[in-house]
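Should a chain be cited, it is by its letter among A, B, C, D and E, assigned in written order, with residues numbered from 1 in that chain.
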Amino acid sequence: MEWDWEFTYSILPLLLQGLKITVLATILGAIVAASLGLVFALMRRSPNRLLSRTTGFFVEFIRGTPLLVQLYFIFYILPDIGLRLSPLTAGVVGMGLHYATYFSEVYRGGIEAVPRGQWEAAKATNLTIRQTWVNIILPQAIPPMIPAMANYLLAMFKETPLLSAITVMEMMSQARSIANSNYRYIEPMTLVGVFFLIVSIISVFGLRWLERRYGRQGR
Amino acid sequence: MIRINDLSKSFGKLTVLNGLSFDVMKGEKLALIGPSGSGKTTILRILMTLENISGGRIEVCGEPLFHMHRNGQDVPADEAHLHKMRRHIGMVFQHFNLFPHKTVLQNITLAPTLTKGEKRIDAEKRARELLDMVGLADKADYMPVQLSGGQKQRVAIARALALSPEIMLFDEVTSALDPELVEEVLQVMQRLAVETDMTMLLVTHEMGFAREFADRVLFFDQGRIVEAGPPEQIFQAPQEERTRTFLRKIIASRHGM
Amino acid sequence: MIRINDLSKSFGKLTVLNGLSFDVMKGEKLALIGPSGSGKTTILRILMTLENISGGRIEVCGEPLFHMHRNGQDVPADEAHLHKMRRHIGMVFQHFNLFPHKTVLQNITLAPTLTKGEKRIDAEKRARELLDMVGLADKADYMPVQLSGGQKQRVAIARALALSPEIMLFDEVTSALDPELVEEVLQVMQRLAVETDMTMLLVTHEMGFAREFADRVLFFDQGRIVEAGPPEQIFQAPQEERTRTFLRKIIASRHGM
Amino acid sequence: EKLDDLKEQGYARIAIGNEPPFTAVGSDGKVSGAAPDVAREVFKRLGVEDVEASILEYGAMIPSLQAGRVDAVTAGLFMKPERCNAVAYSEPILCDAEAFLLPSGNPKGFENYADIAADETARIGAPGGGTEEKLALEAGVPRDRVIVVPDAQSGLKMLQDGRIDVYSLPVLSLNDLLSKSGDGGLEVFAPVKDAPVYCDGAAFNKDETALRDAFDVELAKMKESGEFAAIIEPYGFSAEAAKSTTREKLCAAQ
Amino acid sequence: MGDWAGYLTLILAGTWVTIKLTVMGCAVALVVAFIAGLGRVSRHATLRWLSTGYIEFFRGTSIFVQLFWIYYVLPLIGVSMTPMQAGVMALGLNVGAYGAEVVRGAILAVPRDQYEACIATNLTRYQRMRHVILPQALPLMLPTFGNNAIELLKATSVVSLISLADMTFQAQVVRSQTGNTIVPFVTILILYFILSSLISFGMRYLERRASRGAEGVR
């Protein structure tokens, strides 16, 4: 099998279109994950044991099972109970839910990393619970979380090929469809690899920057 | 001003304070001394409501601290009651606990604006006066990381004062400082002691300072008051053997053997 | 024993030591004192080869420390040379730096068995003697976390001694300790100073102890020696204004103002 | 010489799809179905004791053949000119026409792929890289209305959930799917108008025409003796259809 | 509808493949993680660069692409592996790249003080690593290694791409043979959860053992 440049150029537009869907799914998924993750984190901190335990089990379950199977579940089984999501929505919900369990751990770690002395100083200056969260804890907890969150964003990006299982035409599905109809696998798959690598390399520099900016704050 | 009655406190199985009682009068300067682990910090933290109590009763400014009256009965205080009571009390910590993401000025104005609803401009005016008092008028816009330990601790004192508490608690406020920086902090505290009639509780290992500063000294060991009295008595003529041993060790290591 | 010649050291743009020279004789007990940031720790760390030098030359036991002769020329020392030179030197740290995953005994025997190829049984015998000397004979099988700060520091001293260095470096070995625990460590050091003829360099803020311990005191400021002399001179009749200010501050904060 | 290797090894590796009745996997894990049964028999006659079947998705079959991961593909991979260029086919084995699975009564009246292209809201499901996908695209159905369905069961489910309006597969596959589902609300429309009847063959690596030729010889004998019909007709396939056409014709067809 | 006991056996056969992939993949990942992790903190620039290249490449591209390359493209240049080998390699190399960063992070997390104590007691570089740094770094790695092992378990579901009959793949087969979607998928969800719980329990046990005697080290 020889590399065919002409073929390579001809499939580029289709792949780029796939990339667009990939990026869209990643960003939407990350938004779901970040918000749901905060909800999970707070529910796990809840003094209500039943709530925190149930959330804990749910989070562990989602984290212990493959996203692929969860996607099948959402896409092919949920319609039986009347919940029919479009492929992209199902993908975003599936990825968002799956990664929310990771994000919730990030939130938890970030909150716990704020030194105890800060809670105490807030109490000693007589701030209320809400004022403590808003003015003292979150402003210190969130910046160090940013690199970890960006990392998961990247991980989500790399897992988007799973969405092909639920008929989302992201980059990998496009590549496979091209490959199947032309019987040429090397070019599309290599291009996909290169796209992933380019996005990742850019992100690595972005991450380094984020880490320098937010990672270690003068404590 | 403060009335502690039969106070006890355990952490899990470890009983740190057991049936402790003492009073502090308005304006009194009290020094708590004693060996490591004797419970000095714990008392201050309880007064600041950073720890709950296991038993007994504390009154601050005539009101119970951890209890409140509800339908003629004493019930455990809720957050609202604690919030109200904390107005009377300010605390300065060993490790300063400044808010690292706020400037010096913001550290001081944050609580007054949020909890007392002071106007920003008033709060800042008062903050600058306090900074002036602790000798840091020029550092208002610095971030805490840019300050030396002694400067941080003086900011922490200003922050506590900004809420105008009637009672101030100091927990080994100089022991995280380089020796050269200790003096600047002690000077500020000395000034406070002389110029205001705030009630002050001081935990320290600086015996020299305790002596200058305090009206009364309590010597603790294992969660109990072993000896109490004016500084002259405790330091020059301690009655108890335990007090004598403790002071001898401290003095020995400070002055060579 | 140690000859420091025109030593300079920078961290990035910050020059910490600049053209520093002094000698230490065999068996001499030297105390380095001075304000925070003056470079005292840096000197000890350089002697222990924990930091590289930026310029100048150091000789230890007649051999250059950071240089070696190769084809008649002075070239930067390689790891093998440093490894050889480190045999002469032992160091005790402010924060003990015990190996937390090893017992007290293993902490002491690890280096002799690994670096000098001592037999385990010999190393353990010697370790027990050393533990006996620092008063911890009964703690051989404890883990470091089970010890108090003072005990940890005494183990750290025993660990350094186990390699029988000719030179011992002590960097503020008591300043991380509770005041009550300081004395037990200083006692051990005092005994070492009297009973052995090891060369010792001590960085400390305990002026009382420095006075008892040292044959000679160097007062540092901003990476230079401001004043040097026997302890009586430095502490009772300092020649330099800088020395006087420093000592006054330290003494003031220690004894109340 | 490839054949000698296989004989020595004692088995041939074949790729099959996950699509009854072309292939079937029993609850004991044993592979049967029209395509592997024929292959097993022919290989046995060639002196290769057994076949080791692995289930692949359609898109992965030809690359596996090219990468030497399997020795033959017997999976209902219909002969088409481009495929004939990519692999070496045997003579025809299983023939089937294309069909649509759609709601009972065919409310939208789809009879061929062009009808689907004409209805701007209609979405058709088809296996990725399969003949049906190609036919739909060639008939002018835009890419975003041709939904690549991972497997038949998913296609059925998507149709039931209203995610697609029609699902296209060979007639026998859809009949099997429909009967397993027991869904009375669906029907099979067959054959699709204007769509040719396709036949598959066993596909070999392009370089291994010798093996292919040997395979053809035994296959022809079986067709002659009637054993061929005995194997495939129980599954619903027509032996006549396979006998009445040739590889040459199918590969040349446009 | 057929014979459920039989189809369950089929899924269990897939479970066995999944377990084999997980165990062997973890073994490869562990070895690779230590090699590349130690390479990252090596004094030799070449080793550092090689390790960094490997780590960034495998973390940077998707496991799908890696799997595809190892299985379909490497044979074209003459390196042919069985599906099992290809699956183990892809999973091991992929997760190993993440593991290498864990190894590096744990080594760097051992306080500087400990290195200095080693120099002051004149241990050689090798002795430092072997007797002081690694013994303290290991307990720090364990929790993250546990998470990595679970990630690897979950990633085995993508090997169905290269025709390995793992648990997810068998569920698909059962689904198309029986026409039932819920039963096979719920079954494997539960099975995956059991497997990942086993990994967590195992890791927690190891953590407890590793931290015994060194409590409070952090």
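Just so we're on the same page, a residue touches a chain if its C-beta (ideal position, glycine included) is under 8 Å from a C-beta of that chain, and two chains touch if they have at least 3 such contacts.
Everything numeric here is computed off the predicted structure, so don't read it as measured data.
Visitor: Which other chains touch chain B while also touching chain D?
Guide: A
Visitor: Touching chain A and chain B alike: which chains?
Guide: A chain counts here if it touches both chain A and chain B, and no chain qualifies.
Visitor: When contacts are scored as defined above, which chain pair ends up with more C-beta pairs, A-E or A-D?
Guide: A-E
Visitor: Looking at C-alpha means, what's the farthest chain from chain B?
Guide: D
Visitor: So which chain is farthest from chain A, going by the mean of the CA atoms in each chain?
Guide: Farthest by centroid: C.
Visitor: With chain centres defined as C-alpha means, what is the inter-centre distance between chain B and chain C in Å?
Guide: About 36 Å, centre to centre.
Visitor: Can you work out the whole-Å distance between the CA centroids of chain C and chain E?
Guide: Centre separation, chain C to chain E: 46 Å.
Visitor: Averaging only over C-alpha atoms, locate the centres of chain C and chain D and give their separation in whole Å.
Guide: A distance of 82 Å separates the two centres.
Visitor: Going by the contact rule already set, what residues in chain C reach two or more other chains?
Guide: Expected reply: no residues.
Visitor: Listing for chain D: what residues touch at least two other chains?
Guide: 63, 66, 157
Visitor: Going through chain E residue by residue, note those that touch at least 2 other chains and give them in order.
Guide: Expected reply: 72-73, 76, 181.
Visitor: Could you run through all the chain pairs that touch each other?
Guide: After working through each pair, the chains in contact turn out to be A-B, A-D, A-E, B-C, C-E, D-E.
Visitor: Would you mind writing out the residues of chain C in touch with chain B in their complex?
Guide: The contact residues of chain C facing chain B are 35-36, 174, 178-183, 186-187, 190, 205-213, 246, 249-250, 252-257.
Visitor: Chain E touches which residues of chain D in the complex?
Guide: Chain D reaches chain E through residues 15, 18-20, 24-29, 54-57, 60, 63-64, 66-69, 151-153, 156-157, 177, 180-182.
Visitor: Quick one: in the complex, what on chain C touches chain E?
Guide: Going through chain C, the ones touching chain E are 45, 48-50, 79, 83, 86-87, 89-91, 93, 95, 97-101, 110-111, 114-115, 143, 145, 159-160, 163.
Visitor: Flag every residue of chain D that touches chain A in the complex, lowest number first.
Guide: 58-59, 62-63, 66, 82-83, 85-86, 128-130, 133-134, 137, 143-144, 147-150, 154, 157-158, 160-163
Visitor: Quick check on the complex: what are the chain E residues that touch chain D?
Guide: Listed in rising order, the residues of chain E that touch chain D are 2-7, 9-10, 13, 71-73, 75-76, 80, 83, 161-163, 165, 169, 172-173, 175-179, 181.
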